[in-house]
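Should a chain be cited, it is by its letter among A, B, C and D, assigned in written order, with residues numbered from 1 in that chain.
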Amino acid sequence: MRLPFANIPIWPEGASKAAFEMDLLYLVIVGLTVFFCIIVFGLVIYFVAKYYAGSKADRSNPTFHNMPLELAWSLIPLALGLFVFGWAAKLFVEMQAPIQSENALNIYVVGKQWMWQMQHPTGQRENNELHIPVGRSVKLTLISQDVIHSFYVPAFRTKTDVVPGRYRTLWFEPTKVGKYHLFCAEFCGTKHAEMTGWVYVLSPEDYEKWLQDNRWGMGDEGVTVAQAGQALYEQLQCSSCHAPEQRIGPPLTGLYGSTRTLSDGRRVVADYDYLRQAILDPQAVTVSGHEPIMPPYRGQLTEQEVIQLIEFIKTLSAPEAPPVAEAEQSDDSGGNG
Amino acid sequence: MSFEPAKPKVYLLTFAALLVLTVITVLAAKLTLPKIPMGIMILDLNIVLAMAIACVKASLVVLYFMHFKDMGQVSKVWAVAGVFFLLVMFFMTLGDYENRHPEETVGWTESGPLHDARP
Amino acid sequence: MSTHEGDLHVGHQFEDAEQQLDSYSAGMWLFLVTEVLFFGGLFLAYIIYRTRYTEAFVAAHHELDWQLGGLNTVILITSSLTMALGVRAAVLNRMKAVLGWLGLTFLCAGGFMVVKYIEYSAKFEHHLFPGPNFEFHHAGIDPGQAQMFFNLYFAMTGLHGAHVLIGMITMIILVIRLWVMRKQRIDFIPIELTGLYWHFVDLVWIFLFPLFYLVGGN
Amino acid sequence: MSAAGVATKQPEAVNYLNVDNSIKSWLLTEDHKRIGILYLVTISLMFLVGGIFAMLIRLELLTPAGDVVMSDTYNKMFTMHGVIMIFFFLIPSIPAVLGNFCLPIMIGARDVAFPRLNLASWYVFTLGATLGVTALVLGGVDTGWTFYTPYSSSFSHTPVIIAVSGAFVAGFASIFTGLNFIVTIHKMRAPGMTWFRLPLFVWGQYATSLIMVLGTPVIAITLLLVAVERGLRIGVFDPALGGDPVLFQHLFWFYSHPAVYIMILPGMGVMSELIATFSRKRIFGYEFVAYSSLAIAVLSFVVWGHHMFVSGQSMYLGMVFSVLTTLVAIPSAVKIFNWAVTMHKGHVKLDSPMLYALSFIGLFTIGGLTGLFLAAMAVDIHLHDTYFVVAHFHYVMVGGAIVAFLGALHYWWPKMTGRMYPEPWAKLSALIVFIGFNLTFFPQFILGYLGMPRRYHSYPDEWQTLNVLSSAGASILASGFILVAVYLLWSLRYGAKAPANPWDATGLEWKTPSPPPPTNFTQRPIITEEAYNYPIVLAKNGEPDEAVKQEEAEKHEHA
């Protein structure tokens, strides 16, 4: 939105479901701000004008204390503040709590100085650009390879810090076809201001077309992220310990999302962060009943490769119709603590 | 606040108590107490016991060696305030680590408020 | 001690010796409160990593010699006793006793630093000082997590050691000052304040000893 | 400063300025008033350096492309602007200059409790500032003033350790000042000066000292850990070393959020003085205003997580921080309304300090209310790290703290230097600062909601108009500050001699000559009346009351 009389933008485009909700809340707080400003400025100007030294105003019996008045201007702002807090907290939970929809489009984002690398589940990769379909929930799983970055799309009114060493998730549902700014919002070094890009929200048809046109990112055979993970799994010879007949590593089937008991007594859910640690620093999360003998892969895998491995392990959880063909027998084991 | 120093006997008794408690601490460490998992952290009862003993020792030092009774009102209030804000820092920060993974506790399934379930 | 106050030097900003003593005492306590929060940041880091890397901390603490740590605990407690008796002697205006107790305290502090030196040099020899040369081989333990234990060990005991050194320097200055003004009544305020500081140093060690040497469990 | 003794012929009474003019007497002084002046000189220099960086930043942002300086240079500019302005100007500004100068006089003491510690604090501060400037001379630091790990500890190629040591060392100056004030206020009050007879400036200083004493040690150890992590690769923050970068943010903001109140609380104290003096009326709800300072100081320690809503901090903890942040609205609202209502039935005079005070009320109201946007978790997702945040904290830091500092400087300038400044110029400067400030920072609120991230060297073309407005405002603001510096320096030599009580104010500092004698009072004051004990009118006829009549009579006499 722009001012009518000048070429000055005053309102950002909104292109997600959250954008509308947030704009509403924002406008309410703007309203409160204007209301209080009018009261305070009005009082100040009125008193200055009326009680300017030498004026003939009635100054008899001034008061210095007024408990009801003090309480009023303590408690009314508090009540309004708590109202805003409640609304904002509710919206925050709605925006930030992770979506667990099967239908959501899972995209992996790795931030590094100074670019964004996106990886689509079907294998397409792109840098500093993100193509997504309109009207479908998009779930981003983000991690940084070096310093803290922050993934920010103003049109979606959403952002999250992208931290090294752990996964963050962010999701939104675009509602409007268009081209929107993508920024890095956390200072990350020399080219922080150039760590920007575009988010393209496409109609479902255009998105399908885009997926087809960009198969080059997947290699010759059309490798999905999980398939790339499987290739890596074989290349690193994970199966030499983790194959079921070896009986060395804990089984990978059904690993993702299960609850693990570690040798130090902790019970943890095998989520993305757990699996990442289990690959990079396996000895830190040895599973109870297994020897801590797996070598750590820290420094040997890029964050993208770790994501591919995790995606592969995740496919092993699905009881039926695993998307990856043969390495998929239900008794497949492996994995690391 | 001019203070009256305690008798040497008080100091010697405090000293003896501190030595005894040191021995108890060492012995207590030989016990294997349960470890309670909390979120991504583990609460180790051994350390809880050790810290409890350390707190007793610290109180003895403050009460007798640092003659707490002669300490002015101001100092008392500020000492308490210091410990209070230290605990605020500890517990609020730990509250973060305790609840770091929202995935495990909440989550929108098929239809969240901002998300329509679609076929 | 009001009978002796008239003899003490009173700063130009104060009305009387009592106001002066009150102010100095409150000032020192406030300083100790800042010290509590100064160490507090490190203790917080310790709590967080200790609860996350429990196994590694248990394994790594076996590299420390609890007997040496215990010895240092006894040394520091003893020095606290001698310091308390020194302060008492100062209030009672017994010059020789003050010098004797302060000397003993100083010796204890020196002993503490010697033991610390022995411990530190052993860690350096065994490549347990964090950094590129760090080596820690223990089945089932991530060396990175064990290194975190030694990070905190060196940071916290190092900072504590620096406080011991500052205490020793202060004691030297105190003794010189006492000697210079040996003809006058003992000005016990600086000794009292040093005493408070010294007990605080002892107090920090009381927490550090079990946190690093007696991690406990299996 | 020695100019005070030049202009007149008649022998002057001994005051703290002319008692000894040698350089040595200044550098070894234990007089709280002289230490205040030393601080004033140091922080003015730092303000100049920080201000130059601010202008360079606005110059770069005049065009969307990063064309004036290289991106590395730009990163260093905003970092040095932040580090210098926060650690070396705002934190010591009101406490160390005006607090040092006025606080002992206001409570009827000869000096602070520990004069030597006070001098040490100035030396330590100067050392810290020197280290900060050294980092600058060595090329500048590019981490942002927040020194977030692991960028600061592992990735930056700039002299981070030196800058961090500068802030670390300056922290001790802050601790010394706070400790000194607390003991002074507790132990050095003149007979009859009860807690509820203290001027509200003193209450503000007490609350500030609470934060200085309890918060600063935490930032000290945190910065030390960053330096060690960077220098020795022994770390607790870098994930590559097994650490957690979010832990740094917890420790950093545990101090740095309260630090915001170190900057604003003394300013609020100043406001109470100015509003009471220039309304000739006791502050409305004195106890509420006094307690609200303490409440703000205590609450400031439990809200730090609102800087971390999108950092990966637990969502539930975020809610706790958000609701606690909302509570800060109470004491802030109490203060604003009490100041406004104080003018009710007063005799309002618009001298230049009062103009600054009224600016403060307006700007701080906007600054405080925009804080509500950022405390509201959902809205903060969008606004975090955008220009909205930049605008918000400049409204509080510049519109609040610096405007209060200027108001206080004008108010106590006659007391400090014994000279009056030219009032018309002062009024003009207050106006220029107000207009320039709003033009600079109001467009940034809009930019923030549009989504312009902070610390950006270049930006999309469509935001240029708003940035040009902001840069234009910045040059107006800068000319306002320069004007203040020029006429205040001019007044040192050519200003009219100041009477003991130019504002006809109550308060002990106005009962002693301008400038005050070395020991503040010729004899120890005994306090028998409340603070701000201005005459109360009881007549109901609507005629000008006694005080006004008297004033007019005096004016006629002068004429």
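Here are a few things to note about the model shown:
The working rule: a residue touches a chain if its C-beta (ideal position, glycine included) is under 8 Å from a C-beta of that chain, and two chains touch if they have at least 3 such contacts.
This one's a predicted model, so the numbers in the text were calculated from it and none came from an experiment.
Any chain touching chain A that also touches chain B appears here: C, D. Centroid distances from chain C, each centroid being the mean of CA atoms, peak for A. The central chain of the assembly on a C-alpha centroid basis is D.
Interface comparison, B-D versus B-C: the pair with the greater number of contacting C-beta pairs is B-C.
If you average the Cα atoms of chain A and of chain D, the two centres end up 37 Å apart.
Taking the mean of the C-alpha atoms as each chain's centre, chain B and chain C sit 19 Å apart.
Note on chain placement: the centre of chain A and the centre of chain C lie 46 Å apart, centres being C-alpha means. With touch defined as above, residues shared between interfaces to two or more other chains in chain A number as follows: 21, 93, 95-97, 264. Multi-chain contact residues of chain B (touching two or more other chains) are listed as 35, 40, 42, 74, 78, 81-82, 85, 89, 93, 97, 102.
Within chain D, residues 182-183, 186-187, 213-214, 218, 244, 246-247, 250-251, 312, 315 each touch two or more of the remaining chains.
On the side of chain C, the complex with chain B involves touching residues 1-2, 5, 18, 21-22, 25-26, 29-30, 32-34, 36-37, 40-41, 43-44, 47-48, 50-52, 54, 66, 70, 73-74, 77-78, 80-81, 83-85, 87-88, 91-92, 195-196, 199-200, 202-203, 206-207, 209-211, 214-218. Those residues of chain B whose C-beta lies close enough to touch chain D in the complex are 74, 78, 81-82, 85, 88-89, 92-93, 95-100, 102.
Chain contact summary for the complex, chain D toward chain A: residues 66, 71-72, 74-75, 142-144, 148, 150-151, 154-156, 239-240, 244-246, 279-286, 288, 309-312, 315, 318-319, 322-323, 326-327, 329-330, 333-334, 336-338, 340-341, 343-350, 358, 361-362, 365-366, 369-370, 372-373, 375-382, 384-386, 446, 449-451, 453-460, 462-463, 465-466, 536-540, 542-545, 548, 551-552. Contact residues of chain A toward chain C in the complex are 263-264, 281, 283-284, 286, 291-292, 296, 298.
Residues of chain D touching chain B in their complex: 182-183, 186-187, 210, 213-214, 218, 246-247, 250-251, 254, 301-302, 305, 312-317, 320-321.
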